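Only one structure is covered here, and it is reproduced in the block below.
Every chain is named by a letter (A, B, C and D) in the order it is written, and numbering of its residues begins at 1.
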């Protein structure tokens, strides 16, 4: 039923399904637009878990590595409401040495399938020192290989 | 001190200053990127209040009018942390019959002034019926005139 | 392994398991305490869905019914972190004509099982008119029966 | 106008006023109940800033000190809506060696003054090591003296 939409984009690397929570709505009766960025991150984190990785790692020296965002965007075409069943499709548009460009498609699965939003996120690999200083870094070979296989898939 | 940045964009229609709250941070020690979209909306709501309007109105027939978002984006250039003093500058890039295109600049004012993020938001005027149905609408002449004067300013 | 804790409370009416999301953490590296109240509501909504009901209903006259909160509380005994596997156990402590008293237990399932928090919520059945006026109401016989069976279970 | 309410509690140590934001509402058209805990924390942080302190401090060894919550509660008596002017009154109920017990009163100032909620928060002073381990600690003499003076006031 959502074949037409799928033809426009390659198959996703990963999909996540969940219900819309009550606290995600606003007084207009729909999901607050800022929550779509949290949905992107939920899909990204679940995608990494499926690869046996995490979007956050603690290093032996007390520092932390993660993926701070460089640019994000979202376009909304239909409202999403409480208890709608939501499918978040994650696509890797580009995999660079220190960065990933994701594309996201948001589908409302019930009552009938519908593309409700499209988004994107460019995220950089970085190290956060104990003092809170952030510097760009290169992910491990192991993580990179897993991401590349997931992209090619 | 932030003169160079200001030269790139016309003077804002409105600015809002606030402290970063603890609940707006994440485990990386910085403001969660999704909160910049809430900051945009806080500035938009305060801008409307200054004009003597509101971004939401109740209509006599039980319906509600508001400004649902069509497209939003944000680019991040420096981290923002707990208790940083934040200035949100709101610019009206375009004022259309049924829509407004905003640009936003986010400055960290202390310890020293710094542009931390740039964003944008295209928002459509719409009516929400009692049953939750959303249709585009035209704002009142009074609201439109106030917006136009604020833009020209 | 969490048998000792379970002995103190009757078996839950419902349990929900999920991962902790990145956006739920704060700069102390732990789940922000306010999110436990969102977790309570997520469990409540999923519990109602399992009963074939919803915590929110639209009425033919354009009004809405729901369960606004009267009193809530939470006690924290251990931190919860990003990607911890969380189990939320929902107990019905008392079922009244127009109100439900819930108890909640929050367990971190991995790396090892641990009770991290206990909470409670008293919630009242109410009708929200189109104009936003709230009045207490009585749930339908069908919903009440389902709740009573779930409590007795 | 809110004299009767004030007679029941001693004068607050600190008050904070703000507008209710759009993103703080839910589909029932009122402030989501979990946000009152964020309001408590906003008042606590602003109270500390007024004392010339912060609820969070970075230590020379890379650790962080803060005030994790032990028990929190809130009772709701009237709804709070978008753009309501909110006054948060912070009271110190008890000041212990390693802990503070706060009481909060939430007033809607417009259209007419009204007590909308009462809450409380017991919070413990703690140190977070670089590895994320949390241990209780004793605040500095300077901070303690400021808190005691504010309580007595």
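Everything that follows uses one rule, which is that a residue touches a chain if its C-beta (ideal position, glycine included) is under 8 Å from a C-beta of that chain, and two chains touch if they have at least 3 such contacts.
Source: prediction; values computed, not measured.
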Chain pair equivalent in interface to A-D, over half of contacts matched, among B-C, A-B or B-D: B-C
Longest centre-to-centre distance from subunit C, chain (CA-based): B
Separation of mean Cα positions, subunit C and subunit A [Å, integer]: 27
Where subunit C and subunit D are represented by their mean Cα positions, the distance between them in whole Å: 24
Residue numbers of subunit A (touch at least two other chains): 22-23, 27-30, 34, 38, 41, 56, 81-82, 132
Sites on subunit B touched by subunit A in the complex: 27-30, 33-35, 37-38, 41, 56, 64, 66, 68-76, 79, 81, 128, 132, 134
Complex contacts: residues of subunit A adjacent to subunit D: 22-23, 25-30, 32, 34, 58, 62, 81-82, 130-132
Subunit C contact footprint on subunit A (complex, rising order): 19, 21-23, 38, 41-42, 45-46, 49, 54-56, 82-83
